[in-house]
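Note that the chains are named A, B, C, D and E in the order they appear, and that numbering of residues resets to 1 at the start of each chain.
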Amino acid sequence: MAAVTAVPELERKEDSSRYTDRVREILSWYESDNPGTKANIARLMTHGRLAGTGKFVILPVDQGFEHGPARSFAANPAGYNPNYHFELALASGCNAYAAPLGFIEAAAARHAGEIPLILKVNNHDVLHDEKDPISAQTSSVHDALRLGCVAIGFTIYPGSAMAREMYQQLRVLAEEAKSYGLAVVVWSYPRGSSLSKDGETAIDVVAYAAHIAAELGAHIIKVKLPSEHIEQAEAQKAYTKAAIPISTLPDRVRHVVQSTFDGRRIVIFSGGAKKDEDEAIYEEARAIRAGGGFGSIIGRNSFQRPREHAVRFLQKIMEIYAE
Amino acid sequence: MAAVTAVPELERKEDSSRYTDRVREILSWYESDNPGTKANIARLMTHGRLAGTGKFVILPVDQGFEHGPARSFAANPAGYNPNYHFELALASGCNAYAAPLGFIEAAAARHAGEIPLILKVNNHDVLHDEKDPISAQTSSVHDALRLGCVAIGFTIYPGSAMAREMYQQLRVLAEEAKSYGLAVVVWSYPRGSSLSKDGETAIDVVAYAAHIAAELGAHIIKVKLPSEHIEQAEAQKAYTKAAIPISTLPDRVRHVVQSTFDGRRIVIFSGGAKKDEDEAIYEEARAIRAGGGFGSIIGRNSFQRPREHAVRFLQKIMEIYAE
Amino acid sequence: MAAVTAVPELERKEDSSRYTDRVREILSWYESDNPGTKANIARLMTHGRLAGTGKFVILPVDQGFEHGPARSFAANPAGYNPNYHFELALASGCNAYAAPLGFIEAAAARHAGEIPLILKVNNHDVLHDEKDPISAQTSSVHDALRLGCVAIGFTIYPGSAMAREMYQQLRVLAEEAKSYGLAVVVWSYPRGSSLSKDGETAIDVVAYAAHIAAELGAHIIKVKLPSEHIEQAEAQKAYTKAAIPISTLPDRVRHVVQSTFDGRRIVIFSGGAKKDEDEAIYEEARAIRAGGGFGSIIGRNSFQRPREHAVRFLQKIMEIYAE
Amino acid sequence: MAAVTAVPELERKEDSSRYTDRVREILSWYESDNPGTKANIARLMTHGRLAGTGKFVILPVDQGFEHGPARSFAANPAGYNPNYHFELALASGCNAYAAPLGFIEAAAARHAGEIPLILKVNNHDVLHDEKDPISAQTSSVHDALRLGCVAIGFTIYPGSAMAREMYQQLRVLAEEAKSYGLAVVVWSYPRGSSLSKDGETAIDVVAYAAHIAAELGAHIIKVKLPSEHIEQAEAQKAYTKAAIPISTLPDRVRHVVQSTFDGRRIVIFSGGAKKDEDEAIYEEARAIRAGGGFGSIIGRNSFQRPREHAVRFLQKIMEIYAE
Amino acid sequence: MAAVTAVPELERKEDSSRYTDRVREILSWYESDNPGTKANIARLMTHGRLAGTGKFVILPVDQGFEHGPARSFAANPAGYNPNYHFELALASGCNAYAAPLGFIEAAAARHAGEIPLILKVNNHDVLHDEKDPISAQTSSVHDALRLGCVAIGFTIYPGSAMAREMYQQLRVLAEEAKSYGLAVVVWSYPRGSSLSKDGETAIDVVAYAAHIAAELGAHIIKVKLPSEHIEQAEAQKAYTKAAIPISTLPDRVRHVVQSTFDGRRIVIFSGGAKKDEDEAIYEEARAIRAGGGFGSIIGRNSFQRPREHAVRFLQKIMEIYAE
């Protein structure tokens, strides 16, 4: 036999308490990726209050671009300031902060290396709102590297007549990102002329959108919380025949997680439109946890609350995931 | 402790009276940029009558391309001559002169280094005027460098069905420009089939357009002065709920400035169509100043006035900003 | 005035105890670098037992390539195994682990994101040992990115007739590394036909070599501990005339630190050949600390000791720096 | 917990009897490589009589280029025919066949997919034989792909004054090969003006050469069988002090294997010059096996024997490794 | 007649007092250059106390690299700090500051746009000092642009056996620099095995070296002050036959200026080794002025004096040139 000696596990210092077995397990799902990409996925899992748990609470602030500044920031005007969001993500202990080029450029140097960053490389605005939407590429893989980001973020709209163009744009960017050791986060939001309004959050459609993102090579997938509605007639048959449980939110989360490689991709859920009741969102987080979801990406519901409130609110959600 | 010695501030000669603390403060907002880009932003802020104030009056002459020569220059035929505009910008003490390739090429050698130049790298004409407009790229980052410019200028039309294509073109040019140490000035002019005519200058739309430009990575943003009109129904709710003051022009300027990273990006306002009354434009400048705007970009209202008049007029505006 | 609101400092969670004011101060010396490079320098300063102190203990293992495997690993055969060094660096709490391509590739996936890595992109062996040595480039900037490294490491031999070629090779690699957000660590080891054996560690020569590395754009500089010897006649005059104190090791460290931009570049010192007495190396560390040096890079003296001993030994050195 | 379900082991068809735990273990050492490279290493380990054992017997035929055709093929003129070697490798059940461009091109189409191929991408001839040799690059990574090869092969001569150039050429080719999913096989043959003739196979030199190849990123390393001689004075001290056993061939093989990442790289040994006695070579194979070596690469001793003899001879060696 | 209207000269504001007729005249010599390069030459002539005069006092600090840190900075230890030199150049009102990559990177962001910068893109050290010297390229045209420099600086050693290589390296860099609108400053220092020590500053050699730099396309040429010695026998004949006046320093300066395109290239003179007497250097400046030279580049004689002294000293030299 070859002279391969085992290296006994050494006692680790406190740093390594974040690099847990669960972190290693999740990283093992990405074994086709190079160590650079794995390192960046690991950075997301070893930062903040949820470090080491394999759970995520991410602060995304692309609403300014997506919905306009007043709709995004007037409720809590501190949010007009790009520094605010870095500090909020740091203060509350989020795993990462995600934003478009301008917001990242405005404060990345000051906080260099302080928190994992996700550069949202495509964006959409509602000044021209199409029935079949498509986002514009607004930054690049090289931007992500020069700004010290751990990942690119990209939105696809499955269901849009433009979906093919988005998938193809993602393909090029994801291949480049992976070659340079970055992770790829995909926002998969069903929209477009083929879907009813209810269909955008239908359980069959959300599960399908999550699966498409995973098949496109996403490491981390963000979807909306699904409703009990089933949009596609053909899908209805399958759900009925197999008696897939979808009546509770944990059921539906479980089904979405199963649909993304049987839980072998990180799937996180968006909080959606601002809700006034904190408890409603805590309930959602408990449901995500119960269904095996990996966490929440919470934009408007965090930065539109007053700062003190937002920090307490985010930390409470983290406590739910850490349980 | 490491042997780091502080360098005591030396007395500075008169040159440095332009490189003021306000200049330094504004530069500090661009800390992700390389020193080359910062130097070119500084050049804009240390030239002309407003040097050192952090305020801007810029002379743009792209109307010949945009509206045709007679509509642009017949009122003051000296303006057919490209030298005229360099001299006008110099004589009045503007921070910079901005124009398309031809106008810059025609006189840049003669005035090399005499005034900061902004190469307008895309342009649009009205011989074919579409409902959903898009400008053509008419020069390059390398053109800007070989012509001695400090920045590229680029127009986007948020609200156009072609907006995505413009954003993506800007992305490529801005990344290249920043790599080579140039600044990026974005003209953000809402237009297109999704907007009413009034919507193009609606306060919600202008603030949104300014925010989009900032998120796309613009260092300097040019928008039109906004009206009290609100175009988008969803935005109306936000303005009402937060009681955002928009009834006066200073209010609206303040809101636009806030919408561009809470005042951390340079936003300047265009004078719009030619107005016969100087005083009306002085009033606008006072409103811009009162609202925290960074200055004016004044094309037709300067070069369509007789030269003596134009110089007095521009200098009066600078005096207003310098107060 | 523009509507720039200050963001009040928020309470930080324990993570941020590593991102100290000293870390921020050191980062401020690299203000021409992009946020990516700053983030990677920050990662080096926020990992391990010395996190937040601005001090460094780095484990380098390129001796296998430089001197051959038996001379490097026979004293402690566990070191033949590439996993051993990752684990040793982790167990002892080093800021980083540095090695050539093969050693990094062999274990980077398993430890992805667990410890900052420095890819040593050039290497030299003694099977052909020239009077005027030059290392071979053995890996690339893209390798560093795909392997998840925070920096490239490069050796120059000032004093070699081949120095020009090394400087030029470094120039190309450093420019590329900085563009992609990596840090640049330079091993500056005077050698070559122009220098006596004593001259290789002469105080004038070591200070000069450190300065050259800084002028070549290194972020972090590694030199040998200098002796009291002065090699160059012209330099002798300067040392005498200015009465530069060089009689003690702290004096000499202080002079080397001063020679690298008056303490504005991170300079760390190598332990040199293996010493049997731990105390001798502790004394060196105390002298480095007293002279304002930033830390130690300790190869043979760590991995050639038995593991338990090595961990205690490295942690003792860290304690000295942390005092 | 996330909904990760275990996949029950399926019964495998006979093919999979080749994809053994030992194959998986060896592949685990290459975890930084992409699945393409791993797949090609796996192909080498799952073909031929030694499939599944983790042992190798490879047929290389670059002697025509290296020593001239008559010296190579006159003893068994069938060897002038490039088809002969493919057939010999297949008939005897070798893991792979390695040759320069011409020999591969001449028969690769006919045997496409029938046996793993290694394209020897650099070669040296003795019409000009230098004291400090360097091979010429004679084919490319693209050639290897278009010809259906699983790996590139590259020779380095540690100890040559040209070693730096070879290492750098290998660096470029290896990075490209790995990116395209190929494996990299390095022939590491110490030669050059710094070494005595005995030194070329000295145990310290061979172990060093194997380590260098591993550090350069080779997946598979080919060295000559080492003698008991020690070439370098500094190395002698280390061997004596650590009492490294080198008196028997198994001892020396074990030391070389240890020197290549403690047995975590595939190291195979060349038979060297033609020997008339089969038994001498069987003895070498037994020693390689006893020392934990991964196999043999046997050129002249196979293709210079008559075909029937050669097949029996090679199969006997495989039997030794399979024991 | 074509409708070419003259543009009457407008009254200029104080800014333009720097952009004098002399500045325009000097720029007219570079009419083959693009406006970008002209703009950067103009920036050098419109900054500092000599703005508008067409005269230059430049602060170069490459001595740390060229001679070592102690020989350079021990006399005035403030000079170890890269910020010091920016501030000294600013405080005294120099036209520009020139330094290698490291010194520029260390402080360019803080002083972005505050003073014209010349990036010294090649450098030489004396740890290996050859009879036929050649500098190493240590930075690039892209570095100059990203750092906001107006020019690259490059040293050639006419008379060195390596001169051809330096000329060719300069050719490539100068062509690239000019394409991107940068100016090219050439340090032309005769050295090498073909020249006697006296020959390095011989009038025939210095004039020749200046002419070579001009022929290589330099915009600005730096030479040492020439002595009355004539090095080349063939040249001696010409000087005698034409009775070229070279007996006084103004004579020799006049001859060097004449030799660089009859005064149509900017030629500045270096102060050489540190002199204790200020007056000796003032005398040299008066001689340079009297001979039609364009100014001085003063390194050691400025930064090795205490700061207050240095500022007074440099300003006195500027007064001499401004007379």
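Keep in mind that, in the parts below, a residue touches a chain if its C-beta (ideal position, glycine included) is under 8 Å from a C-beta of that chain, and two chains touch if they have at least 3 such contacts.
Note that the structure is predicted; figures quoted are calculated from it, not measured.
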Contacts shared by chain A with chain B include exactly C
Touching both chain B and chain D we find A, C
Per mean C-alpha coordinates, the chain lying farthest from chain B is D
A student comparing B-E to B-C should find more C-beta pairs in contact for B-E
Max Cα-centre separation from chain E goes to chain D
Dist(centroid_CA(chain B), centroid_CA(chain C)) in Å evaluates to 46
Cα centre of chain A to Cα centre of chain C, whole Å, reads 37
Expressed in whole Å, how far the mean CA point of chain D lies from that of chain E is 59
Among all residues of chain A, those touching at least two other chains are 4-5, 31, 34-35, 77, 81, 108-109, 142, 147, 179
Listing every touching pair of chains gives A-B, A-C, A-D, B-C, B-E, C-D, C-E
The answer for chain B against chain C in the complex is residues 1-5, 31-32, 34-35, 54, 179, 254, 257-258, 262-264, 292, 294
The answer for chain C against chain D in the complex is residues 64-65, 67-71, 73-75, 77, 80-82, 100-106, 108-110, 123, 125-130, 134-140, 142-143, 147
Seen from chain D, its contact residues with chain C in the complex are 29, 31-33, 132, 158-161, 163-165, 167-168, 171, 175, 190, 192-195, 204-205, 207-209, 211-212, 214-218, 232, 234-235, 237-239, 241-242, 244, 255, 258-259, 261-262, 264-265
Contacts from chain E onto chain B in the complex sit at residues 3-5, 7, 9-13, 15-16, 19, 27, 31, 34-43, 46-49, 51, 77-78, 81, 83-84, 87-88, 90-91, 93, 108-109, 112-114, 142, 145-149, 179-181, 307, 311
